[in-house]
Amino acid sequence: MQEFFQQLLNGLSLGSIYALIAVGYTMVYGIIQLINFAHGDVLMVGAYVGLGMALAGFGLVPSILVAMLVCAVLGVVLERVAYRPLRNASRLAALTSAIGASLFLEYGMMAVFSPRTRSYPVLLPDKIYNFYGIRIATKDFLILGTTLVLVVFLQYIVYRTKTGKAMRAVSFDKDAARLMGINVDSTIAVTFALGSALAAAAGVLIGIYFNAVYPLMGLMPGLKAFVAAVLGGIGNIPGAMVGGILLGMTEALVSGYGGSMFRDAVAFAILILILLVKPTGLLGTRVEEKV
Amino acid sequence: MKEKNWFQTLIIFIVLFAVYGVVQLGISENLISDYYQTNIFLAGINIILAATLNLINGFTGHLSLGHAGFMAVGAYTSVVVTMKLGYPFPLAVLAGMVFAAVVGFIIGLPTLRLRGDYLAIATLGFGEIIRVILVNVEYLGGATGILGIPRLVNWTWLFWGTVLTLVLIRNFVRSSHGRACLAIRENEIAAEMMGVNSTYYKVLAFVLGAAGAGFAGSLYAHYFYVIQPSKFSFLLSFDILVMVMVGGLGSLTGSCVGALLLTVLSALLQNFPEFRMVLYAVMLIISAIYRPQGLFGDKEISAQLLSRWGGIFRATSRSE
Amino acid sequence: MPLLEVSKLSKSFGGLVALYNFNLAVEQGELIGLIGPNGAGKTTVFNLLTGLYPPSSGKMVFAGKDLRGKKPHQITRMGIARTFQNIRLFGNLTVLDNVKIAYQSGHNYGLIPAFFRLPPFQKKEKEIEEASLELLEIFRLRERAGERAANLPYGEQRRLEIARALATKPRLLLLDEPAAGMNPQETKELQSLIRWIRDHFQLTVILIEHDMSLVMGVCERVVVLDYGSIIAEGTPEEIKEDPRVIEAYLGEEGVAS
């Protein structure tokens, strides 16, 4: 039983990271109906920037903030260069471009910094607290705390500010939003910036949690976060969080109970299952295409 | 009209036999070095991969990123059949194709039934899982893979296998079944409304494509002696995607040219793998933005197209 | 027994009621107009009948068979065809292929004959091609057979959509604003065309249209929708005089002034 709760806690940490990434996926999908393949790679860039800051002697908080800032800019650039020209093109062309962007970041990074795996210097005391036999590391506090702060911040932006209102309007109906005087292009850019910033934070957290930073590190977390977004209902922000945490916990339980070889397979089994059983996701509502 | 078709077919056959004969002679007389032989074989396998992926991406309009995974399924299945079970090679090829098709069905049905755009993620994830499973299964050699596979594929197998694949895909595309796939690509709702069972055709194209990748995998395994999980990573899937995109979505001859072009490029750039991938990435973005139809669009290289390029306009004048 | 019987059909999207308690009985051979202001729920009726949306409640029976729960392609094969308000041709395919795709659903051959071009393939392909060309002939599109559908002028695209719908061999044809974007001359031609295909193919037709001259000129019965409900039903003459219809179209001020 103790083991069970331990795994659940591990899953909660992992799941919060997935949630942070999934939120970015879901926001972008909600607003332009495009799977942003490069999202996981933005995360990787964030991890590298954070690493650079940390190696330069900065503390944890400035490292995360600068990584978020850099990636927000990167997200806007990506949107401008690889996605915006294709907004009215076929879905297939847009997806292809997104894949190109993803490959570019991965192998560009590899060409510049080599494929070598790097690790973060010690940024916070590596202490383990013991609550009734359940071990909680400082890392876990860091992850849960950061996620909580960012999620509250995001909720504030989306539901309490004018920009957030514009984002919701654009994702609901682009043309109507434009007629209401909303600048659709800049709203989409802001969405990319926000999503990318969250991914960057997740990147730094992953770098610290697994103690490994390498050019392909964004691939699997990116794929899994997409599954989390679908699980929660694509386009739905609370759904992405719920989906992320559920996925993290399932994965931790599976690998904790001897199936570590299949931990990567869990996410895709869930994807297939959810598509078969409830394709709109847990919190998603049915969206019918207008004919 | 009929006679002209026969004439064309005859020419094509003569050209095919000439290419086959010349290369065969070169190989038997040791005029073609091992390096070139390797690349010629890779080119053939790439053509099969690109053409079968085009069936999914170009003709049906759904993005699959799992082609390397299906190729792996075909390769490992066929090797198990020949090496571990001791059955003849043709049976192994068949088994590889069937098993790849079955796996394709299991992945394709739930994802394609609903949202085609999830296929990209599902297939990418599937490809990686296949790799992870292969690394972990002792019976299949784990990360080192399987060594010492007998070379059962020769130029005859490869050449006519490639030609057969292309002919079958062409026949499929130019049949009522192929038209149904094209209709789905053009407008899925209208296709349904014209009586096309869109789920059936999307899954069919996907399963056929997977079987084709399985075919390529079994040829690959029985030529190169060795298969390893790392050979079938998602990078290979991306390579194939670039071939299809560069050649043109919906053009079989385009796929052939794309496959040849990329085979040459990878041979030239094999010492700069990162640079090669960055180049491919840029090619993908540029082709998506500026020329989503690829070099050839959905056109096929034909006598007519060539004569048009040659400045002879008699073929076009009637359409004015 | 009516060919199509719809009773108490309702559809809501989230909280929005698009169609409420819609009743309609259509006899074989009738030509019915479905009119109403924008957003009144006309296209929703078509989308429900053709299986694009599941209804929230109500019954739809076509030729004695329940339509609920059927996929669009199944409904097409049962004998209902439609055109779209925003043209949905297979733009990159040829005009001929557009019609062939619609025609082939009932005249198909297996995969093996397709792969190896066996006799069934040759025979059926010939049949499909001949029938499709014949249909194009009727719609004066035969010379265009080899062109990309997207390259046709607008009026011809509309005609091709109707030809394509007819290729599915329907008993009931649903036309969604076929005259949209046509000039008066084209609309007039369309009017006689609709009548002619109804008689020639022994069709039953339901027509959504904003062009009143077309509706009044061709329809024998008109149903008026407003805010998802039927507000009037009758012959064109009756509809023209109905105060509720005038109000729905012109608003209350329009009536008062």
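Note that the chains take the letters A, B and C in the order they are written out, and that residue 1 is the start of every chain.
Here, contacts are C-beta pairs under 8 Å (C-beta built on N, C-alpha and C of every residue); 3 or more make two chains touch, one makes a residue touch a chain.
Bear in mind the structure is a predicted one, so any value in this text is a computation, not a measurement.
Enquirer: Taking each chain's centre as the mean of its Cα atoms, which chain lies farthest from chain B?
Expert: Centroid comparison gives C as the farthest chain from chain B.
Enquirer: Using CA atoms only, can you tell me which chain is the most central one in this structure?
Expert: B
Enquirer: If you average the Cα atoms of chain B and of chain C to get two centres, how far apart are those centres in Å?
Expert: Once rounded, the distance between the two centres reads 40 Å.
Enquirer: Could you tell me the distance, in whole angstrom, between the mean C-alpha positions of chain A and chain C?
Expert: Inter-chain centre distance comes to 45 Å.
Enquirer: Between chain A and chain B, tell me the centre distance in angstrom, where each centre is the average of that chain's C-alpha atoms.
Expert: 33
Enquirer: Mind pulling the chain B residues that touch 2 or more other chains?
Expert: 189
Enquirer: In chain A, what residues contact two or more other chains?
Expert: Answer for chain A, listing residues that touch two or more other chains: 291.
Enquirer: For chain C, jot down the residues that touch at least 2 other chains.
Expert: Chain C, residues with two or more chain partners: 52, 84.
Enquirer: Touching residues of chain B toward chain C in the complex: what are they?
Expert: 168, 171-172, 175-180, 182-183, 186-187, 189-198, 204, 298, 319
Enquirer: Quick check: in the complex, which residue numbers of chain B touch chain A?
Expert: 57, 61-63, 65, 107, 110-111, 113-118, 120-122, 124-126, 128-129, 132-133, 136, 189, 234, 238, 241, 245, 249, 274-275, 277-278, 280-285, 287-289, 292
Enquirer: Over in the complex, which chain A residues touch chain B? Could you list them?
Expert: The touching residues are 35, 37, 81-82, 85-86, 89-97, 99-104, 106-108, 110-111, 115, 219-220, 223, 226-227, 230, 261, 264-265, 267-268, 271-272, 275-276, 279, 289, 291.
Enquirer: With touch defined as at the start, can you tell me which chain C residues reach chain B in the complex?
Expert: 50, 52, 71-73, 76-77, 81-82, 84, 88-93, 97, 100-102, 104-109, 111, 114-117, 121, 124-125, 128, 146-147, 164-165, 167-168
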